[in-house]
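Letters are used for the chains, namely A, B, C and D, taken in the order the chains are written, and counting of residues starts over at 1 for each.
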Amino acid sequence: MARTVEFTDTEFMIAQGARLLEDGKTFFVGWGIPQIVAILAQKLYVPNVVQLFEFGAVGPQSVLPFVRGTMGGPQNTYRSLQWLNMNWAFSYSASGYMDYGMLGALQVDPYGNINSTYLGGTFEKPERRFAGSGGGNQVASHCWRTVIIIKHEGRRFVPKVEFVTSPGYLTGPGAREKAGLPKNTGPYRVVTSKALFGFDESTRQMTLLSVLRGLSPEGVVADMAFRPIVPKDVGEIHPPTADELRLLREEIDPSRIIIKGEMMSASA
Amino acid sequence: MSRIRREGKVEFRFEHPDEFREFVRESKSRKPTDKLCAASDAVSRLVKDGDYIVYDFSSLTRGPQALIREVIRQRRKDLWIGAEFTLHESALLVGAGCASRIDVGFLGYGNYIGQAVCDGRVKVYEWTNGGLALRILAGARGVPFLPTRDLLGSDNLAVSAAKVIKDPYTGTPVCLVPALNPDVAFIHVHQADVYGDARIFGTNLFALEAAMASHRVIVSAEEIVAPDEFRKDPMRTTIPYFLVDAVVHAPFGAYPGAMPARYEIDLEHVDRLNAIRSEEQMRNYLHENVYGVADHEEFLDKRVGAARMKELRSRATIIEGYR
Amino acid sequence: MSRIRREGKVEFRFEHPDEFREFVRESKSRKPTDKLCAASDAVSRLVKDGDYIVYDFSSLTRGPQALIREVIRQRRKDLWIGAEFTLHESALLVGAGCASRIDVGFLGYGNYIGQAVCDGRVKVYEWTNGGLALRILAGARGVPFLPTRDLLGSDNLAVSAAKVIKDPYTGTPVCLVPALNPDVAFIHVHQADVYGDARIFGTNLFALEAAMASHRVIVSAEEIVAPDEFRKDPMRTTIPYFLVDAVVHAPFGAYPGAMPARYEIDLEHVDRLNAIRSEEQMRNYLHENVYGVADHEEFLDKRVGAARMKELRSRATIIEGYR
Amino acid sequence: MARTVEFTDTEFMIAQGARLLEDGKTFFVGWGIPQIVAILAQKLYVPNVVQLFEFGAVGPQSVLPFVRGTMGGPQNTYRSLQWLNMNWAFSYSASGYMDYGMLGALQVDPYGNINSTYLGGTFEKPERRFAGSGGGNQVASHCWRTVIIIKHEGRRFVPKVEFVTSPGYLTGPGAREKAGLPKNTGPYRVVTSKALFGFDESTRQMTLLSVLRGLSPEGVVADMAFRPIVPKDVGEIHPPTADELRLLREEIDPSRIIIKGEMMSASA
């Protein structure tokens, strides 16, 4: 009988994110979880990925363990190819050199629009205020493929985000181009703590691609505040591998401050 | 004053490039004079109530924390903060009643600042990091705006004064952001000379842009070096002296943040900042670390201590590339 | 082809930022592969008839002269040159029948090139140095244009495709210049690795902008160093490898110009270039220095010589700051 | 009786230019003669002037002797405060940090408009073609005070330049502002091999300020193709001093390649 693996929802999201990247491509890394994804991916799967940080670190190879909270520190920007500034960093993405971008989100809608600004109330008088765009708007606007990482809680998947912090497909096919955003860009995948979503070519709507081993597609989409497209064939995502977990727990975040979260399990 | 414009619900800081040029002509001396002074002196002379201030980098990395604490100590009012990473500085400036508006950027972190926004104690405008950096570049380049192909399609457009025009070359929509010429820029650097020539090692947000675009520039430096050092190594100069109004010698000036290759971040102190939620906690923190000490030196002696500083220095083991 | 637009009498090179982005996505590899090759190979693979080429710096200082001579040797046709300092390179490229259009810049010097313009053998468009640098910056930033407050009121406006619009923030006229995304950039550097990471010591015109904005980038380097050198000193990297398509090891690649801190300008050779007036003088110069030698190495051996190179190296006594 | 000094027209123009600068100000230096003016001025009169070269050398202190033909070489950019690039150099001038700019010219008109592009024919088919703007257009557009250096030959002073390469006062008062050029900028002085001109505040027209010792105002303006304003009081310019000539001839340009020209004389 299959062995059971235990892991946190965060660890699962990080592992999924890391598996999405291609080697020899560029990766615009957002603050927080995406930093861990980049480190894990580069160690395990894509040694030649070129990371870009918005404040001008090109091609950093972080020192381990990861120092929480920081992004501009010597550990994070260690052995970069080039150190520049923010306007240069966004020039790389604006002129098409950035293949992947990865962002967290508070809320996401069927078109992959991201809200990371506020929840409830109005912009002027929100009920809860969060960090907002940072460079997220630029990443989602410029990168060829934007990957969204979000905890799988129904209330986070809404028919319409309260505030479009970073653009997805906006109102649907052609809307990005109409708004003047660079052609052929947009959200590529949504990584959650239960599943992986893509976007339908024709409708630009979120589509379930695969779910964590042991979960049912219907169970996964049941509590989402909008219903994504659920095709007949939905794939299976294996849980974090021993290598992924060992690296995360022993080398990248031994203090377990970033990778902590709700415990989950699945058969290996 | 005339440097504040309004566009719908949005107030934004703007002046005609000609007004800024006139200021530069009249008020920015090109003479190499000794500008070394105490933080208290620099802040009292150069930072006024209602000023718009920017800084480089953040409270976690090479931020001008000693200068921010001095601004709080001198109880400036109604400041408008524009910075990519408005982290703990913004919480402290708002908590101390110094700041009433913030252009973001990334508004983080700890719950205090988010709550302050919800309570309406501080007004926030959204420009995004790319938009703010571009506004400052426009201010430095002496043009009224710069174009960009982001912000488009997002709701940030509606809560900023960015405009969308039809590009005359392609006919497609392009976003314009207005130039930003702050009243004051705080820039913490590794090395400076008494005239204001300054060097940063590692990445920066917009150090040269901000120095060029701002009416007044205060540089705080870990180390004061001889002016000749800059002429021996011109590729290493981040900011030339004639952009700078005051130079403050502030070892550990980025504390509790890290100064790359000099000392590491004090995560325990940062956690205390992150933990601030109530007004009482804020008052206590400010009293202990700002009002309760005469200056940065007393803060280091009484609140940090030589042993801690020694330890943080010893943790800064990565020096490769920082020269 | 579609990359050439027309505005009144003026032809200008322009493509929609989306077209350039698509090219970057499809054709610029981000993989670190060994790109070291001979100049003849780089030019034959990457430079085509009709291409728009830019270079950094000039025929007097750190210019890609070995690459320019190789382009002439391979008898490229109908090239369009865009460079701040179109000095002897432009005279040689026009004299050899390789170039038919020049965007200037500074069109100097020696009488040959001026006469060629008068004879209608080469078309010239005026963008000015600032305008050209800004066009390339726009190309690098992925925007269709950038604004500037010069060119206004001058006759250069009429012989370029710059446009004047009313700034929506101030209501005053502002000049826009269209983005430039050249086909090929030639950049001569002090050090490069086999992947294309490159370092220039001293000032540059627009090395990073041009590398970012161009479809194909050929770097020629005085010295090939280990890739690890760049990661040990990221502040010193001028161009990262993924912008570069070919790396040519070309010691004395800037000859007869100077390579700062490596060798001095050969004024006697430059005077021979300046003296060229007639077609016959041009033919003789080209035959002796370009067609008559197989490659850069043979040129150095037979036309310059070890003794001369040794002397020029010994004259480069100023090394302070060039590292 | 007064001793007679002999000097070239070039030496006189260089000396005049050097005497115009103020110490502790910034100076955007054009290619050629202005480089020599800057060196002489910094050695003799304005030790704290900050020179700017368009390709990004901020505050260079040239090594002597001057290397003809070069501007970007190590000798010219020696001991700079900062080495940048062209877009940064023009940012310094565009945002108002450059007090003085100095440019040569082929032709100049009563409003100080500069032609350095072509003479005769049309732009497309000129009779004689020259270097054109280079960065001259930016210098004349951005700097607070532009100084024009031009050999005193009547044909160079025309009622209307054939091509406005770098803007003077264009068509007169208010024209620069109307065109969108930065406020309160424009030509400040015209240095010739016989005289020094300024510009009338109200008409913006070229005005004779002073002439070389021994020359008469009427003699100086006689062969100019337009008649500048000639006020009652016209000053006298003393010839190059012994110090100026010694520096130029012995230290700056011992090969006499740049300072050569027509011999002139005046009483010391």
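The rule we apply is simple: a contact is a pair of C-beta atoms (placed from the backbone, for glycine too) under 8 Å apart; a residue touches a chain by one contact, two chains touch by 3 or more.
If you're wondering where the values come from, they're calculated on a predicted model, not measured in any experiment.
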item	value
Graph distance between subunit A and subunit D, where chains that touch are linked	2
Selected pair, greater C-beta contact count between A-B and B-D	A-B
Length of the line joining the C-alpha centres of subunit B and subunit D, rounded to whole Å	40
CA centroid of subunit C to CA centroid of subunit D, Å	29
Chain centre separation in whole Å, for subunit C relative to subunit B (CA means)	38
Junction residues of subunit B, two or more chains touched	17, 142-143, 148-149, 172, 174, 202, 208, 232, 234-235, 320-321
Residues of subunit D engaged with two or more neighbouring chains	57, 77, 79-80, 83, 94, 142, 182
Chain contact topology (line, ring, star, complete or other)	other
Pairwise chain contacts under the document criterion	A-B, A-C, B-C, B-D, C-D
Interface residues, subunit A side, partner subunit C - complex	24-26, 48, 50, 57-59, 61, 77, 79-83, 88, 90-97, 99, 142, 144, 182-184
Subunit C-touching residues of subunit B, taken from the complex the two chains share	14, 16-17, 142-149, 163, 165, 167-170, 172, 174, 176, 178-179, 201-202, 232-236, 320-321
Subunit A-facing residues of subunit C, complex	17-18, 20-25, 28-32, 139-143, 197, 208, 212-213, 230-232, 234-235, 237, 240-243
Of all residues in subunit C, those that touch subunit D in their complex	9, 57-58, 60-62, 84-85, 104-109, 113-115, 117-118, 120, 123-124, 126, 128-131, 133-134, 137, 148-156, 159, 164, 172-175, 202-209, 258, 260-261, 264-265, 267, 270, 316, 318-322
Subunit D residues touching subunit C - in the complex, by the definition given at the top	31, 53-57, 63, 67-75, 77-80, 83-87, 90, 94, 117, 121, 123-138, 141-142, 163-167, 170, 175-176, 179-182
